[in-house]
Amino acid sequence: MDFSLLLDPYILTEVLVQGFVRGAMYALMAAGLSLIFGIMGVKNFGHGELFMLGAYAMFFVTVVLGWPWPVGIAVAAVALFIFGMLLERTLIDTLRRKAGRDWVLDAFILTIGILVVLQNLALILFGTSRRGVTSLIDGVLVWGPVIVSYERLMILGVASLVGLSLWAFIRFSSLGKAIRAASQNPEAAQTLGIDIRLIYTVTFGIGAALAGLAGGLLISIYPAHPTVGFEPVIKSLACVILGGLGNVPGAILAALLLGVIEAYSAFFMSAGWQNVITAGLVVLILIVRPSGLFSSSKVERA
Amino acid sequence: MALLEIQGLKKQFGGLVVLDGIELEVQQGEIQGIIGPNGAGKSTLFNIINGIYSTDAGSIRFKNRNIANWSVHRVARFGIGRTFQVARVFNEMTVLNNMLVPSVVMTTSRAEAVRRAEELLELATLGRVRNNLAIEISGGQKKLLEFVRTMMTDPDLILLDEPFNGINPALIEVLIGLVRSLNQAGKTFLLISHEMPHVSQLCDRVSVLAAGTNIARGTPDEVRANPAVIAAYLGQ
Amino acid sequence: MGLEVKNIVAGYTREVPILNGVNLTAQDGRVTVILGPNGAGKSTLLKTIYGYLTPQEGEVLHDGKRIQDLKPNQMLGEGIAYLLQGHSVFPRMTVEENLELGGWIMRGDQKRMQTALDFVYARFPRLREKRSFLAGILSGGEQRMLEIARLTMTGPRTILLDEPSVGLMPSLVDEVYEEISKLKDERYTILMVDQNVRKSMSIADYVYALALGENRYEGPREEMEKKLDDIVREWI
Amino acid sequence: MTAIPARARDANPWRSTPVRVLKVLFLIGLLIFIPPLIDNPYITRIFISAVMLGVMAAIFDLMIGYAGLINFGYAGFLAVGAYTSALGTFHFQVSPWAGLLTGGLATALIGLATGVISLRLRGLYVALLTFFVGESIRFALSNSPEFTRGMLGLSVRPLPELLGFDFSRGNILAYYYLLLLLGGAIMLLLTWLVRSRFGLAFEAIREDQLATQSLGLNTTKYKLYNFTIASFLAGVMGAFYASYLGILSPSPEEFGVYRTVEILTITYVGGRGTLWGSIFAAFLLIGLQEYFRGLGPWRLVIYGSLLIFVMLFARRGLAGFKKYLW
């Protein structure tokens, strides 16, 4: 192994861009997962299927209808926002009223059921073939030794924009403040007139929209097929744990870190061993620091 | 020599001092009550004796050993049983199986354990519901079940945390009868309660806790007449 | 008018009601204090009024309107604010955000929100100084100020207070009652549950003493003050 | 002392003890005689799948249903048993019969280690930790093709002849009866375990750890017993699975999350905390799957919907219907 290769600017940019694109996908997924967990205590194992549905929505809009890609991304996000709210109101809300003290674990199992159903419905409706596009935008940016495709720049751009908007929404909008309030002290939030059930529904919708958006955005790299959500959900689950359960900025940071680590380690080992590294890292974190890498507070072990 | 002797016990959570130098002694064979206004630190005291919380300072001598900071199960095996303010029964187990859980770590035979359990259930008027799931019985019955379940470990000292809370008058009579007869059989009790009539009925001595310290001790009548106690209940 | 509670029966389970027919009236613009020993049902009463518990029997009227079928999050819209027992600030949000959330139900109206903020800051200059601090790093006393200030953001007519001084260091308790008496001067209707008998009596207009989920004593402050020692003696 | 409720329940003659014994004997009879009588390898394979997955689900239930510990990397644990046995034969000529034991022991070791590192965690965190442990195992297997042949697939020798019984691959009835013996032994062991003092300890831990400790039980110790015993049995089943299947590959369907979900669904549909419910649920679900084979992925949709339905509306699973069916 020639380590000096890594300092080569061509390779370095390639690795970093590759890493950030992956990281962006993990971040979009992990932000939604973490948001949903932080506020509702639901670890959504079916989050990858929302990614998958986003990818199909994107394919439908851009390839079947032939509309421009920004419309596709918007449609993916909005469709999944609505779908997510429906899922919450019909299934998760019902469970909340029935489960009592086992709620967190039972909600996790419920989302597994959702995963199985959605994945196989997709198989029935769309078949096994991969439906993607070669690229949403053609061309490459050449800047000195650095060569990056416009497509990847677009992905990074859109992901950053969405990340920023999410941050601004949670930080500044009144609904965003209500969501934060509900996560910090639901009982007090209720006394201020905030409808907690509505907050839960909207939160799940937002998480689903982020997953759908990620699925649409990355369609050229991950073409739509029924099991496309598997890798993103596992990796984003890892990021959520690394970042600290319910800590959205932590999850995003962990996602970018993981993306770059994976891109780098692609130089040293096969993709298979990367997965072992990721899983091993998560196990290690859960053992030594269950509150995650970026959290100062002690974790509630529920 | 007292059965339980607590000296200089201190505990803080964050910056808030909850227990500030508690002194307490419980003699073998007595029934002692602990009363005090809300936030006096009564339940915290039990949780520390029981091993749930660590201590910041002080000693807890029980049967001549300092049991401060022992693990919960070790304290239990060394002879301290307890109940909780809200009864912690095993909801999805039958009443009888609730009773048999302590026998897991005892040397008695299963048949012997079942016999003892049924005897205690009868005394607690729970014989009829022994095959029901614990979740199906009333709140008062749960409190009684929790109490007799503790008795299965054959403890020397039993800590009762608000035993009369949320339980109907008939069951209170049962409970008081049980405590009395077990006491006559040599068991020692320390109980937290705000229901003074029952405390007076049962207890030889009462300790008053307020703001994390003990401010008075004596017979129920002495305590009731103590101006410092009334002042504590009136607040500052 | 004010707040009227008529013959309320309520509890966490049907079989053991905590409140067994409580009656009380909080007069408009007055401070009404509810006293009682632990377990008398004081906090449960506030929770029932605020819609956390549905009464099995009885009525709750606010300015003549039946409110017992409303949910907690609809109460502020009816002009009733509620200070929960214990900490209720949002610790990882700034002081100003906490206040804005106090005005959540008027979120569409930027002008009204600003007026409310200005008003609150004028009342609590210390909160203005610390407006951009996270609420979690404020001192215990400041957090309680913030909670009280937050209650007034929407200009409610009635305020329910559950143990406003519990868990505070003794030195801060006076400040809290000073704030409450300011609220009294501003003619809010206040219904307060309190352990700190003397302090709450000092600002009360009318006092109820509950026992075992029922009315025990009631009367204007002056009248009740004379009986205070006797009332408290019943608790111990 | 009279136990009125219990007596009242027994008043129904269909629920009296002798009738129950007959019903159990009848079901066992069906298990023993249907496959040879029908004598159709397809039916026999369905029976094998159902019994095997049912027993695996009952072992899973020992953890989740009795002690409240979820092993969401369960399929990875089965893989340890399967691969230990198969690799032992492949590389070191260990008899596959001994492999049943080595598979179990290796998995017990992994289970003990996982138990130790997950002790501080609860509920969801145990699920996440075990999930990633399971995935690590699977990835490690697929990434060491020089030793495990990875995704190429490891062929496993059939069980050698024992006591005159022929276990060549064609003779699946022999595998079926071996499974009935092995599975029966495991089920009896599990039943004994949950009815013993251990079972009481496990259930108490599931219900309330602090109350359990306050009664003098060292909850840590019993959690480790639970996890280790369940892992040992899972390893034995994994080793049997390897011999029966003949070829192993660490795919997600075989030893990954899909297999875990399949087993978990059987456990939940059978009813948490009811060992024998898992066997009934396995026959129901495997039966449904086969019945709807023509429907392709629809059968998995039914699978998932059933899990959702159980979580929302029939929270005790089939066991909740026991009074109507049994």
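A, B, C and D are the chain letters, set down in written order, and residue numbers restart from 1 in every chain.
Here is the rule we use: contacts are C-beta pairs under 8 Å (C-beta built on N, C-alpha and C of every residue); 3 or more make two chains touch, one makes a residue touch a chain.
Everything numeric in this text was worked out from a predicted model, so none of it was measured.
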>> In terms of touching chains, how many steps apart are chain B and chain D, taking the shortest path?
In response: 1
>> By that same contact rule, can you tell me which chains touch chain B and chain C alike?
In response: none
> Comparing centres built from CA atoms, which chain ends up most distant from chain C?
Replying inline: D
>> I'd like the Å distance between the centres of chain A and chain C, where a centre is the mean of that chain's Cα atoms.
In response: 42
> How many angstrom lie between the CA centroids of chain A and chain B, rounded to a whole number?
Replying inline: 50
>> Distance between chain A and chain D based on Cα centroids, please, to the nearest Å.
In response: 33
> Using mean CA coordinates as chain centres, what's the chain C-chain D distance in Å?
Replying inline: 55
>> If a residue has to touch 2 or more other chains to count, which residues of chain B qualify?
In response: none
> Which residues does chain A have that touch at least 2 chains other than itself?
Replying inline: none
> Which chain C residues touch at least two other chains?
Replying inline: none
> Hey, how would you classify the chain contact layout here, line, ring, star, complete or other?
Replying inline: ring
> What chain pairs are in touch here?
Replying inline: A-C, A-D, B-C, B-D
> For the complex, which residues does chain B have touching chain D?
Replying inline: 50-52, 71-73, 76-77, 81-82, 84, 88-93, 97, 100-105, 110, 118, 122, 127-132, 146, 149-150, 152-153
> Which residues of chain C touch chain A in their complex?
Replying inline: 50, 71-77, 81-82, 84, 87-93, 97, 100-102, 104-105, 107, 150, 154
> Which of the residues in chain A come into contact with chain D in the complex?
Replying inline: 43, 91, 94-95, 98-99, 104-106, 108-110, 112-117, 119-121, 123-124, 230, 234, 237-238, 241, 270, 272-273, 275-276, 279-280, 282-283, 286-287, 290, 301-302
> Residues of chain D touching chain A in their complex?
Replying inline: 70, 117-118, 120-125, 127-129, 131-133, 135-136, 139-140, 142-143, 252, 257, 261, 264-265, 268, 296-298, 300-301, 303-305, 307-308, 311-312, 315
> Across the complex, what residues on chain A touch chain C?
Replying inline: 174, 177-178, 180-181, 184-185, 187-196
